[in-house]
Every structure is written in C-alpha cells, then in structure tokens.
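First the structure, in the form of structure tokens, and then the observations on it.
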Amino acid sequence: MNSRIKEILSWYDSENPGVIRNLYSILMHGRLAGTGKVVVLPVDQGFEHGPARSFAPNPPGYDPIYHVKLAIDAGLNAHAAPLGSIQSMAREYAGQIPLILKVNSHDLLNDSPDPVPSVTSCVEDALKLGCVAVGFTIYPGSINFKKMYEEVREMAHEARRNGLVVVIWSYPRGSGLSKEGETAVDVVAYAVQIAAQLGAHLIKVKPPTEHIELEEARKVYEKYKIPVGTLSERVRHVMQSAFDGKRIVIFSGGPAKGREEVIEEIRQIKKGGAFGSIIGRNSFQRPREEALDFLDEVIKIYLEK
Amino acid sequence: MNSRIKEILSWYDSENPGVIRNLYSILMHGRLAGTGKVVVLPVDQGFEHGPARSFAPNPPGYDPIYHVKLAIDAGLNAHAAPLGSIQSMAREYAGQIPLILKVNSHDLLNDSPDPVPSVTSCVEDALKLGCVAVGFTIYPGSINFKKMYEEVREMAHEARRNGLVVVIWSYPRGSGLSKEGETAVDVVAYAVQIAAQLGAHLIKVKPPTEHIELEEARKVYEKYKIPVGTLSERVRHVMQSAFDGKRIVIFSGGPAKGREEVIEEIRQIKKGGAFGSIIGRNSFQRPREEALDFLDEVIKIYLEK
Amino acid sequence: MNSRIKEILSWYDSENPGVIRNLYSILMHGRLAGTGKVVVLPVDQGFEHGPARSFAPNPPGYDPIYHVKLAIDAGLNAHAAPLGSIQSMAREYAGQIPLILKVNSHDLLNDSPDPVPSVTSCVEDALKLGCVAVGFTIYPGSINFKKMYEEVREMAHEARRNGLVVVIWSYPRGSGLSKEGETAVDVVAYAVQIAAQLGAHLIKVKPPTEHIELEEARKVYEKYKIPVGTLSERVRHVMQSAFDGKRIVIFSGGPAKGREEVIEEIRQIKKGGAFGSIIGRNSFQRPREEALDFLDEVIKIYLEK
Amino acid sequence: MNSRIKEILSWYDSENPGVIRNLYSILMHGRLAGTGKVVVLPVDQGFEHGPARSFAPNPPGYDPIYHVKLAIDAGLNAHAAPLGSIQSMAREYAGQIPLILKVNSHDLLNDSPDPVPSVTSCVEDALKLGCVAVGFTIYPGSINFKKMYEEVREMAHEARRNGLVVVIWSYPRGSGLSKEGETAVDVVAYAVQIAAQLGAHLIKVKPPTEHIELEEARKVYEKYKIPVGTLSERVRHVMQSAFDGKRIVIFSGGPAKGREEVIEEIRQIKKGGAFGSIIGRNSFQRPREEALDFLDEVIKIYLEK
Amino acid sequence: MNSRIKEILSWYDSENPGVIRNLYSILMHGRLAGTGKVVVLPVDQGFEHGPARSFAPNPPGYDPIYHVKLAIDAGLNAHAAPLGSIQSMAREYAGQIPLILKVNSHDLLNDSPDPVPSVTSCVEDALKLGCVAVGFTIYPGSINFKKMYEEVREMAHEARRNGLVVVIWSYPRGSGLSKEGETAVDVVAYAVQIAAQLGAHLIKVKPPTEHIELEEARKVYEKYKIPVGTLSERVRHVMQSAFDGKRIVIFSGGPAKGREEVIEEIRQIKKGGAFGSIIGRNSFQRPREEALDFLDEVIKIYLEK
C-alpha cells in the first residue's frame, strides 16, 4: 500500500477492518487506483428526476446494465444506484466494480420545498448484493432534518457494524434556505461538516458559489477574509470544513452542460484539493463513446501531479 | 424451458431460486404459459371501491370463489385479491392457479386527495395460504409517499427472503399531481421506474394518456421528440422506463367500458411491447359467459406473434 | 354435525382446526345451537359510553357478573366484553358460555369526529381467560383508518395462529362521512366488506337505513335497481356484500327503544338473511326478568323456520 | 381437480392451504399427475453411503444436475436431495420439478449400531431454494430416537407454518432391533405409524419381509391371522398402519438388483395399495437410457387401473 | 471476466451476488488471478498443534503479521487464520488479500480419538474484520460428527445470507476410522462429498493414499476398476466426488517434508484436476526467502497450461 492510501485510511482508524477493506477497495479500483483520487458514477436520476429526463438524451441508459458497464469501462472507482438497478446487475458484474447501494431516494411526483427521502433498501440488501457501501441523501435545511439524520444514524450504524462504507450525498435544500443559498459557500461547507459529523466516510456535495447565505456566517467570512472568490478557493474552504481535509469529499457537476465548462469546473475542483468527482448526467447522458472520452479527460485531470 | 422464459428469468438473477420458482409458476400457467405474456385477474375492488359498485353489475361476483374460478376457467396466469377473499378459496383451489395476496388496501370511506393504503395482511399469510406473490399498491404523488415506499421496502424484503414474488400496482395520485396528471405519459413512466427501483418483479400501471404533467419533463419530451402520439408509442416509452423492458409490466384497463374499445386498447398495449394486461372490472362485471368470451379474445391478442 | 353447521364451517376452510373448534363452540351453544343463527350479548358500553349512561337504567348491570349470567340464562351463543369485565367472571363461568374478549375500546372523555380505539388487551389475555374469540371495533370513515386496520391485521393474525375466532364490529364513523352516512346502506355494505377482507370470521354491523352516502355508489344502486326500500331488503344487500353471505354477519339494535320496535326490526333483519343479532342495551338495560322475556322472544324469531 | 386428488387432499385438511398447494404440486407433476400415484427420485446416497458406492456404476451421477434432469425427463413427481445437491441446480431448474430438501443426513465414516442423522439444512434454505418439502430420515429402533423425533418435531412444525410439505424416511435400525428386524413386517408397520404420528404428509419405508420381530406383536399377528405371506399382503398391512391408507406412503427398492426382480417387487407393492415408489439406486446407477426405460416401466405399472 | 471464471461461478448460481463477489475476489487475487486455480496459506497450526511445533522451525512465524505478508508477497489467492491472528493484522492489511476467518479450532491439550472443534469466532467477526469467507474444520469419522455438522449448518447459513463464502477443511479422523483410513482414497472422496453437501463453496482435503478403508467401498472400487494407483488418479477421483468437479477443491500438503517431494506431490495434484493447494507448514516453516521461492515454484506449476 502506498503512503497516500495509508494516510487516507489512517483518518478512519476508529472503524473496523471491514469498513477499511471496503474503503480500500474503492480507493484501489479503476484507473485512479492508489492515487487517493476518486471518480464515481451515480445513477439514481431515474428515481430522483424521472426516467425520460434522465435517459432520453442517451436511450441505452434506460437499462441499468448500461451504467455499470460504462463505469467499469471508464475505469472509475465505484458505481452507485438504487435497489432495483443494483438487483439488475449485481450477479453478472459481481466483484467487477465496487457498488454503492443508494438506500434512500426521493421522487418529484409530490415535490415539496422541504424534501424528505424514503428508505427504499437496507443493509442486508447491500450485503446480499455484494455492495461495499450504502449511500444516503440528506437535505440539510429541510424541515424534515431530524427524520433524515436519524435514519442515517440508525442505518449507518448497522452498516459500519457489518463492515460497509457509509456515503452521504449532502444537498442543502428546504424552507430554511433561499434557492441561492442551496449552493452558497457557507452552506455547502456547513453541509459537508454535518455529513462528516454523522459519520460519513465519503461525502458528496455540489460545487459552492460565492453567495453567503447565513447572516452570522457572513460576518465571519468577512472578518477573517476567508477567500471564496474562485471555485478552487471555495472548494479549499469546503475541504477544510471536512475535518481539515480528512474526509473523502467529492463534488458533483449538477445538470449536464457544455463539456468545456464542466472540464474547467473539475480542474478548479481538483485545484481546490477535492478528492474527486461524482459524475452522473454529464457522463451517462452523452453517447457512450463520447462519455468514455469525457471520463478519460476527467480521470487525466485527477492523474496529474 | 424455452428461450423466451429463460431470457425473462435472467433479468431477475440476483433473486434466490425460490423467487424464480414462483415467478416461473406465473409465466408457465394458463393459456399464455411459456409465451412470456401475462394476463392477471385482480379483484380488490370490493375493498377499494365498495361492494355494490364492484359487483352489482354481475352479482355472482359478490362471492370471491366466483373470481378464482373465472381466472382458472379463462386460463389466466394468476389471480390477485386481498386477505379475506384469498382465505375464502385458498384451500379449495390450492395449486390450481398462482395466487397474489394483496397485502395493502385502501377504501373510499375516508377518501383524501393524498391516499395512503393500510397494510391488511403479511408475508406469513401469503406463505400459509399458498400464494406465490405479495402485491402492494403505491400512490406516487401522494404526500404519504414515504410511508408507503417504506412499508413496501420492509415487506418486500421479507417476501423475497422467503421466495415470494413482489408485485407493485403503481398508481400516481395525490396532491402533487393534477387529475389529468395521474395518467400522464411522463407520470406513468415515472411510476413504473419507481416501482422497479423499489424492487418489484412485476409491475402494474394504467395506460398512459398523451398529457405531460411535469414542466421539466415536457421540455425533454419535446427536445428529444419522444413519440407519445399513440397509445402503443406511449406503452413503448413506459416499457423503456422499466429498465429498458427488463421488468414485467402489465397494464390495467381502468373502468369498464365498451368491449370494442377495450379490445382496441389492449391491441395497442400489446403492440407497444407490454407483457400483458391486468383485467378486473372489464371481465368480472360482465356475465360469466361474456367474460370468458372477452378474456378469450384478450388472450388471443397476446398469443398472436 | 348437521349440514347447516357443516356448510357454514366450510366457508372458513383456510383456517386451522383451532379456529374451527372455537367457531363451532359459538354455533353450538345456547338455544340456537345447531341452527346456524347467533345471538350475542355485548357489554362494552361502560367503557364506550360511561357507566351511568349504561347501567343506571338497571343498576345490577354495574356488576360484570350480571351480564354473563344473563347471557347464560337467556341461552345466548356468546358474551363479549372488555378485559376488566372478563377478568371479573372468567374463572367462575369458565366453560359455561363462549366469551369474546373485546381487545380494543374507545371512550368519550376525549371524543373526536375521527375516533380511534385503543388496544386494551391482547391475544394472550384471551387465551389465559379462556375466551374463544377476540373482538375489535373499527371505524371505517375515520381519518385514523390506517392505524385501526393495521392493529387488526397484526392481532387478528396472532389470534388465528393461536386458534381464536376474530370478530369485528365495523362501525362507519368519521370525518369522511355525514352523520346520516354512518348507517347508509351503501356504507354499511362497504363496512361489512372491509371487515370480511380484513379476515373477520364474525362481523357485527348496524341495521342500514335507506340513505345512500357516496355519489358514485348512488349511480350504481339506481342503475342496477338494487332494492333497498325495506330493512329486510337492505339486510339482504349487506349479507350479499359479506362474500355473498359466506361470512357470519349479525346486526346490532343500536340505542334502546321500544320493545315492539326492536322486535319488528329483528324480524326484518332475520327476513333479510342475517345470521342473528347482537343485543346490548336493549337487553341489559331492562330489569332481568323483562330482559329474559325479551331475549326469549328474539330467540324464538330466529328459531322459526 | 379430479375426485381422487380431492380425496387424498381431504385427508390433510388440518393443514394450511400452503401445505396443500405444495402437496398438490407433487401429486400433479409428471406422468402420474392426477392419478394419486407418486414416484420420486431420491439422491442422498453420496452422503449416506459415499460417492463411489453411489455413483461409480454410472459416473455421470457424480454431478447433481444429472439426477434432476433424469427425474424431469422420466416424468417423475419429485426429486429429493441434500443441501449441496439442491444448491447445484435449484436456480437452473427452478419450477421444473417439485424439489424435496433432505434436511438431515447420516454418513458411514462413524457408523454405529444406533445411527443418528445430523441436521444439515433448514426450512429457510428450503424456501429460498424453492423447494416444496423438507425431508427427514428417522431411525426408529436407535437409542437416539428422542433426539431425532424431537428434531423432526421442531423443524416440521416450522415447515408446515411456512406452507411446506413434510416427508419422512422411516428406517427402523438400531440396538433395539435385530438386523432381520429392520424390515420385519411388524416393524415396518410400526415405523410408518410413528412417521404418521410425527405429522409426516408423505412417508417412505422399505418393503417389509415376512419376519416378525417383536414377541408381543407376533401373538397378535397370529391370533388375528393377519395375512403377511406375500409382499402385497404385507404392503396392504403397512398401508393400513398409515391411518388406514390415509397417508401417502411410498416404498423404496433398496440396493440395486436385477431389473426383473425390482419390477416384480413394484407390481406387488402396487397391488398392495401403495401410493408409489421411491427409486434411487435402481434408476440412477443404470446408464441413462436404461434408467429412463426402467422408470417408464415403473410408471406404466402405476398407470394401470 | 474470462470464460473459465464465469464457468466456475456458474456452479454457485443459487447463491446471492454477495457470495459471488467474495468468491470472485479469491479467484481474481494474486498471481493465479483469472486462471481458476487457487493457492491458499492457512496458519491455524498455533492453535491446532501448539506454537513451538508450528513456529520454532522459523521463529518470525510466531507473529501473525509474518504470515499475511508472506501470502501477499508470494501472490497467493487468500490467507486463512483464527480470530486472534486475523485481529492482529486485519486493519493493517485490509483489502490487500482475501482473508478467511477460521471460525472453529481444536487444540491438543485435551486430545481424543474423536476430536471436536470449538467455535471460536463468528460471522459478525468475519464481517467486522473484512474477511471474505468463514472456514470450518470438520472431522468426519469422529463420534462428534453431529455436533460439528450442525454447527456448520447454522453458521454457514448465516454466512451465506451475509454474502460470505463458506470454506470447509474436511479431515476424516475419529474412532470410526483406522489411522491409515484417515487418508484412504475412499474416505477422502467421501469427506469431500460430505463437505459439498453441507454447502461448502471451497473445500480442503488431504492428498489421498491408495488405501481403501471401508469394506463395502472396496468392492465397488474393484468391481468398477476405479483407477487409484497414482496420486493424480486419486485426486481425479476425489474431484469427481465433488459434484463431478463442480466444487473448488484444494489439497493440503500435510506435514513439512522435503521440497522435491512436496513439489512432485503438487504436480500430481494438479495433473489430477485439483483447483489448487493449501500450503501451510511447507511454506511458513521455511525461512522467508526459501518459502517465497518454494511458493513461486508451486504457483508456476498451476500457471502451466
């Protein structure tokens, strides 16, 4: 084991060796194996946004098998998906890429300013399906925060006891926040801290904007002149908020956009000290060859010294 | 086992052989045995709509035994009903047709824009009564989504562990949707995706209309020119949303209507690539001879190459 | 066993012999033994309406022992009461009359338009106290329907597994219904269907009125000219709604009224094909001799061919 | 359902419909479907006698898949085998023939005059693997009887509760019996009675000899002139001992011998009123074509009126 | 995945994807990855034979970390050890080599002709320590067979449910066998069959000798002229006894002996169709460099086409 991987794992040294084994399997899989960098393909948008919005741009994606193959062929570190998708391919692709079972999900058919996800699978499912981790979405800022945080507590505890890694998608949203506030730098930094405190081993957040949402926070950012003018500065600040960089935090790209734009964003994210990217729509909504080429470019960014 | 049945079962290869045996028993029963097509008789309307509305048009239907005999004599694949009905005939007709125990139900005596079904039987009931599957109704779009999805999660998990097939009736309804939206093509496609992600092996939805409910979805349907002009095109789109056709999806006919109209609808459904039909009121509200003749015509549609 | 009793028991042939034994004990007790008719004395009004309202008209009724003696002396089929009452006399009268333990109850000290009963005893109580059955009240139409139905599901399942008969008092009430609607013929028919689908072996409902509550139901009653002009016609319709008469349904008399009126009502109920009556206040609020005379008249009605 | 099958199932009417469904599946499978006759292929000899003794005569039999195919192709009613064998083929042959999971086994590496089998699989295994029944061997006559009978009690109870059929191989053996006594007619009759009293739905015994083992029994056989001179008379007596023929009893052939001899034995068994045969070594130790031809002859015997 | 690995995994298709993932991790680790061949380093001799007998020949072996490093550096497929050893190194080497937790062990301080191992760790230990498998020793031939087989049944069931591989060391020994009989070819073949029927995914046995122990078996070996003259012939026969080669069987080398002798033995084992070797004392009792050189030679044997 190289020293970087050893260092990363040392941050998790209160966890049992089962968790470490599975975390290691993520860090040592794919083209970024051993670099300490992580790129994950998440495909829960069928549930989260509906199938057409997710897969119409590239119809082979209606089949969950398409995605696991894409993640394997692109040399990514892991693939995350809800129960039905994992059931569709867990046997055929057993052992070929670390799988993260998304154990809660949310749909838009009864959307609300204060979203709350439903628990749709469980730790025993993850073990039976050969997954290395369970993944949760939380919405800090939602009035339903207590329900969500406590569901994470219960299931994450059981997951760790069985040697599974805990992943949290921490997406600020809800009546406690303005629309702009969902990606405000103070809020994203706060969201990453909450996820880390809930015991997440791997955290996914959105790239933060320059906006500062909370009045009390603004005073501090100004007083201490925390630099948040560029994306890489903001990412650096978010990383700091994740136990001074001692939790694996990866950044999403959000809705598909122009390739150049995404690539530039990822360069900034990397420059800011992030551990990597979680790239869903920006990859699977492109035709396969283009997606592979795009992911190749992303991986090369993270391979650069 | 012929290659079509083998292909269908291969999509469920993460399940244990007990689930496969019971799924096989549905696929291999009745006149459509071995074709991969499925026609089911569901009779939960006594609970869902009240007895007179359900059975007055054909009074022998007040007796649950009438229905299981109809399903057997018509050569259907399976019969679904709530606890009391199954209790009425499970011994006498044991083994003569695959039975699906409807484990949740909803009545209209305290109706609400946001329906929530009650759990009215359990996995042990299904095993004791010799059923091959448990069936749930969910109402995506209801504000009670979390309760429903989580009840499915818990009971479906237990069902699979005991070798039972999981069936979901996915009926969008609730304050998140307009009345028209309940059968909108984007919403039905979304509903089938949710059921598949919850781990359903067999999914029932309503035939979708041309209406598109969700604004964000509309943009996608227009941008990608997803053809939804005819019923068969819409069914094709719904099937695609069920893991690119890799989940068994069958379509209901809704309220009884003219025979010609229903038959034409079923032709379109079949043309769209559906696995079959679930026909309740359109069969059991007709006199028995007429119902058998009608079901014979339906089966012949599905038998056509 | 005579052929009528054999026929009735055959409708319950999915149940274990323990349930059958206990059901048989009800059908074969008292003066109606072997007729297939059933008259039950329920005394839960102390809890449901308060002691003075219930027992002041005939003060010996404050003592639970008064009631069980009355039921025995009148030659009834069974006696139903809540935990405390049964505890008062279960040892002394053990084996002398089938006892039904009312396992949930509701009081008026915090009444609400949407009543929900409390579970006040359990299956083990029933077994320990030598009861043949557990009894539940449900209020279809109450916004609390889910809680009630699911409590029935859980306890009725356990009761059947232990060989106990399941009795449901199905009393529509709640914000989903008008006051008049609580006894509307369509609603009572619906309530009996719900109880049967929940797995009740013996169902108690109120005599239905001519009123029709639900708009969608009205259309059907009119279209199919379902006769509901007389009480006996309405009872016939309710019986039909109980699996075409294959569940034991008995009718209450409601609030105490003039003896002639009650007797005439019971004649109509019997004419409509009911299995019998459940007579509380109309018997125990009269002086003992008068009550015995009254019950004698009731039994004679059911003894008539 | 024809009247013979209906009659057989009526003998088991204290069981739940789940058990009846699975029993029905055995009675309605293969070429003897609907006749009430049953021929089963058991292959537990690898464990019971060792692999070479079992499979060297026909080496393809080393592979468990060989046997399930043989049972299917011969049109038998069911196939019985221990856990490992069932695991080898349960998915591929799911639903194609009723499977009986042998849940206890015994080997010869520490043989003893008083054998005791080990429990090697469980009811949950049977449900997960899609089996219709669990099978036990008991050795009445062994000093370990209490252990065995009580293991049957516990697991058979759980099996029935989950709708599984209970099969008992009742093989008298142990220090309580002489070698000749193991197949003595009084002992085999006694063994079938014990199995029936333990709650077996289907019982397998060896063909009894004319020998009478127990002194007290001998007096009775002589006093009442119970005819045991021919095999068919003895089989008739054994059947009588199985609740006057109301339990499904099938007879094994024991070690492979000359075909004519076995066939003649089966004719006698059938003449004696047995329900069928369980044929292991006599079929699977012959080359496949010969085995199929042999089983065809056996089935034809049972098909004769 | 190459076709050989796919073929091997297909033999286990009744297991859940979690088991398949972990089995795959063994088959795809080390220098034999993807060949379908398996070499394992087991170090349970400290418990089984005492520390000095085990580690004095090469004192660094007193430290459990020595062994896991040896297994990793030699490029083996997996390393097996009891609880304490695994606890010593599971965190540091997490994910670097598949670990098999030996969950039962036996010592010599109260030795007996009829050994019985003690259960010394559990499935939850294996999950917490990041192991891919649990391993059991059974002693067919011991009078304690029932206790052992039933402990395997219970723990192996739980292991499979949680996605762990089940490994059995099947070592005939006990009062049912002569000393020579422990490695007799008929006995080893029988032992492998028992392990397979108990549900083992991976089986370890000793190389069989030409001796035949059981009288009844001898007749069969002679009658069918089963070739057992050379070690490779005997290995072939043992493999056949493992479901015709459809279970992964690996052979131990027994006590340390001359290198040439061991190497020749392994050549014969490979020639006989074994899946590989499990090499304990022959590797860890040599100095590290010599051991690595020796293991290199072993691996090269298995790499040869």
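Each chain carries a letter (A, B, C, D and E) given by its place in the written order, and its residues are counted from 1.
By our rule, a contact is a pair of C-beta atoms (placed from the backbone, for glycine too) under 8 Å apart; a residue touches a chain by one contact, two chains touch by 3 or more.
As the structure is a prediction and not an experimental result, all values here were calculated from the model.
Asker: Between B-C and B-D, name the chain pair that shares the greater number of C-beta pairs in contact.
Answerer: Top pair by contacting C-beta pairs is B-C.
Asker: So which pair out of B-E, B-C or C-D basically repeats D-E, with more than half the contacts the same?
Answerer: The D-E interface is reproduced by B-C.
Asker: Quick one: report the Å distance separating chain A from chain D, using the average Cα coordinate of each chain.
Answerer: 57
Asker: Just curious, how far off is chain D from chain B if you go by their C-alpha centres, in Å?
Answerer: So the centre of chain B lies 41 Å away from the centre of chain D.
Asker: Can you check how far apart chain A and chain B are, centre to centre, with Cα atoms defining each centre and the answer in Å?
Answerer: Spacing between the chain centres: roughly 35 Å.
Asker: For chain B, which residues are shared contacts with two or more other chains?
Answerer: 13-14, 16-17, 90-91, 124, 129
Asker: Going by the contact rule at the top, pick out the chain B residues touching chain C in the complex.
Answerer: That would be residues 46-47, 49-53, 55-57, 59-60, 62-64, 66, 82-92, 105, 107-112, 116-122, 124-125, 129 of chain B.
Asker: For the complex, give me every residue of chain D touching chain C.
Answerer: 13-14, 16-17
Asker: In the complex of these two chains, what residues of chain D are touching chain B?
Answerer: Residues 1, 9, 13, 16-22, 24-25, 28, 90-91, 94-96, 124, 127-131, 161-163.
Asker: Once bound in the complex, which stretches of chain B touch chain A?
Answerer: Against chain A, chain B makes touches at 11-15, 114, 140-143, 145-146, 149-150, 153, 157, 172, 174-177, 186-187, 189-194, 196-200, 214, 216-217, 220-221, 223-224, 226, 237, 240-241, 243-244, 246-247.
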